[in-house]
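Naming follows writing order (A, B, C and D), and every chain is counted from residue 1.
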Amino acid sequence: MKRNKLIWQPDRSKYPEHDSNGKPIVDLKSQKFTKLWQGPNHPGVTGNMSLELTLSGDEVVEAKTHVGYLHRGFEKLMERRTYMQCFPTSIRMCVAEPDSNEYVLSAAVEELSGIEVPETAQWLRMLALEMARLQVLLRVVPGIASTLSLGLGSQWGMYMREHILDRFEELTGGRIYHMYILPGGVRGQLPDGFKKRMLENLDMIDGFIKRIEDLIFSNNVFKKRTVGVGILKPEWVDQFGVVGPPARGAGFKRDVRKDYPYLKYNEIDFDPFMATDSDIYTRAIVRKQDLIMTVDIIRQILDKIPNDKEIRAKTPNVLHLEIPKGEVYARSESSRGEYGMYIVSDGSKYPRRVNLRGPSYTHAVALLEKMLINANISDVHAIMVSLQTCPPEIER
Amino acid sequence: MDKIIKDLTSRFKVTDYIQQRPNMAYVTVQKELAISLITHMRDIEGFTHFVLLTAVDWIEDNLFQLTYILNSPDKKVDLGIRVMIDRENPTMDSAHHLWQQVATYQRELKEMFGIDFPGSPRVDESFILEGWDDIPPYRRDFDTLKYAEETYFPRDGRGSNDPAEYMKKKLYPDEEK
Amino acid sequence: MSEEQNINQNNEPKEDKFLAEENKIRLVTGPDGKQFQVNPLDDYFCDKRPQVVAPKNKIIEKFLNWARAESLWVLGFGTGCGSIEIPPLLSPRFDAFRYGVQMRPTPRQSSVLIISGYLAVKTLKRAIRTYEQMQSPKYVMALGSCTINGGMYYDSYNTINRVDQYLPVDVYVAGCMPRPEALLAGFVKLKERIKAGNAEGANEYAEKFDWYKANQKKIIKNWNMPDYNW
Amino acid sequence: MSLKDLLTPFTAWKNVFEDSYVVKDPFNDRPGADRYRGFHKNDISECIGCGTCEEICENKAIDLVPVEGIDTKDGDSGLRPRVDYGRCCWCALCVDVCTTNSLSLSNEYTWVSEDPEDFRFIPGVDKKPWDDNEKGWKKPEGEYNFYEPERVHMEHLEPEARDNSFIEMVKGFSKEQAQKEADRCVECGICVATCPAHMGIPEYIKAVRQDDIEQGFKILYETNPLPEICGRICTHKCETVCSVGHNGDPLSIRWLKRYIADQVDSEDYKKVLGTENIEKNDRKVAIIGAGPAGLSAAHYLALAGYNCTIFEKLPEAGGMMRYGIPEYRLPYDQLDKDINYIKSLGVEIKYNTSVGKDILLNDLKREYDAVFAGTGLHLGRSTRIPGTDHEQVYMAADLLREISLGNEIPLAEKIVVIGGGNVAMDITRSIARLQNKKYGKVDVTATSLESEDIMPADREEVVEAREEKAIVDPGWGPEKIEIEEGKLKGLHVKKCLSVFDEAGRFSPTFDEENHKFFPADMIVESIGQGADLSYISDDIRDNIEFNERGRMVVNEYFQSKAEWLFVGGDIIQGPDVIHGIANGHQAARGIDKYLNGDLKYKSE
């Protein structure tokens, strides 16, 4: 990929002045700085969160993330619910991609209690997870462009996503909250004709990818706005715990599906895309390649999925499912990166402690605050979306 | 993994070693040695990816358990480090100088559990809650249902019957135990 | 510095501990070099109470209601899970524009506030402020179980159980989440109500202002803004 | 920047000519998918109000409320779930866990209202537009279950091994089996009302699950002082209403009870139950008959501090449990375990003392503060068909008693048993064993008036009898006994069409054309037993009310009109152990009240 070297750099000699530690000296009363609150009620913010930006001209000198607008106290609520009751609760932790929540909870519970999941259920789980990834990417890949007012791709993506949601409705009975993966297995077989309809949809999405390649990725405006903007330095990856597409865009080939294969991912042929340029455009490309890969994975899953009757392991009565003492950390790869759940059990039917490790938690707070410094105000939203921040998952 | 643990046992006196699965283990370490252990893991053993930091409230034992989960992207192994700290006066050394993101976790723990991490940036600023004046909500002794019912006007007109009790009332009301 | 502290001690407008830095009383140097005192809460906000607007002429009112019903401008403020179903609503498939529904970025231009699910206390404060900034006539639509009786989060310490205690709600849509079609049905119902002249939420808010304020202040502990700000 | 980059975005224009994607009529064009989780439906006639849906709901969205027109009865609490759509999250866990499969979700999803109070309704009772909607989420049939529908297999002795022995044939649960079985319980408590003794069934099953035997044992003794016995031979009416049984096998409640009782050593009873020190008072109660009712009454009276004396006609305690039930079902050592504990509480039993002969009821009235009579049904009833006066025609109750006493009974090679109840099965199977011992082969036929599906005997009894090579041939009404030259030749029967008339009264109809002949050398009648009330002298009898069927009339505390006399057990309720225990317990409460001056025969 050709790298655009002509990036406009502001004249740094005057403002802001820096102290000896290199920190900008911000004196709001000097009237040389503006404090701008972006969000929570702001169309340019993903979800319901806010950014407290200190601007010098149109350049950000200091950024603070404010979250908590969607805090429901899941980790507390789940301590009051039995393991089976936790599962409809847990999926609300991330609205955009609820299936990862279901999966990590189930995987953690199964690992602690030693439940073996039937083979068909594992494939169906994988199908649900990949479909969830697909519907998120269909929203996000063109979504990065729509933050720069290139809204058409987003409208197309939204329409493609509708088809996947329809397939979800057939398979799981739910449109947004699927509540499909539950401890022990899954809740339904593949419906009749599902494969055929899904393959048709995938063909449509193939066409869609071609179209957005033309519309967005070859678009000169998009390139101008994103190449070289929002650089994530490679040394930040470990420093800030960056995972998923942002890490892959920075030259770190990290993918839980490859590194710690769960379900049946070791029977699937795929190779996560990696790039090194680490700007918004690269992250968009990584996501687009993820999209292509996901379509391919779903085709492979549909090809290999066995047709057994057994879709849920025999568990003790779920009304009083007790889990042996212990602690476990289960992880999966969501569309945003490593998504894990840490569960501590004290041997009763309620979890002692549940903690969700979401990628946005670090991406949207510490990393975003770092990345926004020196960014142009008009790029703030694009940087946010390229990190795919998900506020409900940060504050849970 | 076993080699690492053996090394840690002699150097940092780690205890309660549990091999959760082939590539994941948990150990407990004393509060004083925790940060040096974590530094050792990061710099020498290659556990460069910080996964999470969270706390568990063992109110029966009057302890907070802090769990640091570290991950080695090269060896593809995880290590959970448990640190038990006193529940009455919970403070812990900050680890934000090792990973900048840890400051966020520590801010949340300060707010949700009341565990202090002196020196951590912005640790006293409110993170999620706004104007909270009760005990930190993630502590076990905070009853969220009671709080919600007292504060948020649940709708009237609800009320349920226990089948066994109801049948007793209907079919054999006079019989006492 | 010392002067500033004095001023703060002398006439504290509210409980100071919650007051944001920029809302505190402070001294400002004007362009002419003179210092003057600024009390943001008094100077920047208008705290006049909302007024009940009675319809004047029946026929004109009917016409106005028709006009209002046919152009529902929705504020793009996603307060909860439900906001995930609003973008599909505006996508080609559901095409809410044909119902006269479109999204606006600012409360000043909007007439419908969608409470799309649970409201955390922190968001409730913003939602109230947003609602008060909207121009009358204004309507509130509440989505999902959470707005009716707490929903999943009935026992959460940070989400309210009933929206009707804090804001006047015109239409409720059941579901978790409601599908886009259910949302459209909600808009249709809202239109019917407006056309029939029943959607008087703004007037109700003005009438029962004290009751609403008392409820709001009961749970928003850091009330650092005027009672009514628009 | 290349020219391509400038021009390619304009390729989007080619989509201008595509068809519109808009759903024309969003309210009708897009119904939910076949599995969509929409609004609730409930088949109100199937629902039993067990409350499992309420139990699993994580949002407390479901209340159980009484519904007009649905009565509380055995196996149906009369409550129905009311769903609050201000709470529901449409996870359909309530559907998946529903014990009767009555609850389901439709694929309807639009409900808009201006009134927040609207969103609360009783599915199936409050009429809704989606009640007839066939699609939507249903309990996935056979794909998975939230609790195990099949009961844990109880090990029995093999038919060959039990052919000629009276060793107990049900082996009992191991710890793992018991916990697995207990785990199936949904703790609804529907069974409690059906159990005559109202035992805390869900609680003791929970104790089994949590391996807290002592707690479970305490719960058993709260309402039932004979758990070893009941754990083996209870008629387990609770299992017939078990909500898990609607969609699978009911829980083995009886075997779980037995499991708890089996785990506790007889020496530990007092320690576990905390009855080492009971304060005694100086009042005395006489109890006639050491059967389940008498023992139960004695136990609870002894716990309350009364001095109880039981008068037993036969040489050992237990009544029908010892002398009516064969040993392979209820071993005597287990019987003694329960009885010895009751004796250890200070209850005195006078054996071989027949009230009415050795001591008069009037004497008891004089010497004791109150009297409880649980004398049971020991007189065999006859079919009174021609030929029953032949010497080779016997009564089942008599034979069973003789077997228990260790006496030899007359045993022919070919025997027919008349009767389809549990006693008939007991005698049939006892005879089968004895025949096997004596002749090396089994030739016993049991025939009953009732057809196979309405036979009063427990199903497994019939199955096991057949396993033991006895023939069970139900559905025949006995006609006459053929006697040739003073020798019994067999039994003539005719086909029985129905036993009860439409009003439920006993009034059999027969097919007069369809006859059958069972050849036999000996016939045993087992069609029920009657009470022997001859010990009640005439002066007392005048003070007692009898109903038209000759049974004594008592109030809810089993107090007869003569207020010092309490009567319970089989003579009031008909033959059933658990009823006897319940009566004894209730009578004990009554006696306690009576002696404290709080109880009159008629309360008004």
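Just so it is clear, a residue touches a chain if its C-beta (ideal position, glycine included) is under 8 Å from a C-beta of that chain, and two chains touch if they have at least 3 such contacts.
On a predicted model such as this, the values are computed, not experimentally measured, just so you know.
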Central chain of the complex, centres being mean CA coordinates: B
Chain separated most widely from subunit D, comparing mean CA positions: C
Separation of mean Cα positions, subunit D and subunit A [Å, integer]: 56
Distance between chain centroids, defined by C-alpha means - subunit C, subunit D (Å): 61
Distance from the mean Cα position of subunit C to that of subunit B, given in whole angstrom: 36
Between subunit B and subunit D, centroid-to-centroid distance (C-alpha), Å: 49
Set of subunit B residues in contact with two or more other chains: 129-130, 137, 142, 144-145, 155
Residue numbers of subunit A (touch at least two other chains): 68, 71, 73, 76-77, 80, 88-89, 159, 177
Where subunit C touches two or more other chains, by residue: 92-93, 122, 148-150, 152, 154-159, 162, 176, 179
Pairwise touch network: line, ring, star, complete, or other: complete
Complex contacts: residues of subunit C adjacent to subunit A: 22, 28-29, 75-81, 83-85, 87-88, 91-93, 103, 105, 107, 118, 120, 122-123, 126, 130, 152-153, 155-159, 176-177, 179
Parts of subunit A lying in touch with subunit C, wherever the complex brings them together: 28-29, 35, 40-43, 47-48, 68-73, 76-77, 80, 88-89, 92, 95-96, 139, 155, 158-159, 161-162, 165, 175-177, 392
Touching residues on subunit A, where the partner in the complex is subunit B: 67-68, 71, 73, 75-77, 79-80, 111, 238-241, 252, 254, 259-260, 326-329, 338, 340, 342, 344, 352-353, 355, 357, 361-362, 365-367, 370, 395
Footprint of subunit A on subunit B - complex, ascending: 18, 20-21, 23-24, 26, 48-52, 54-57, 65, 67, 69, 73, 76, 78, 80, 99-101, 103-104, 126-130, 137-138, 140, 142, 144-145
Residues of subunit D touching subunit B in the complex: 49-51, 54, 62-66, 72-73, 77-79, 84, 86, 116-117, 120, 188-190, 192-193, 198, 202, 222-223, 556, 586, 589
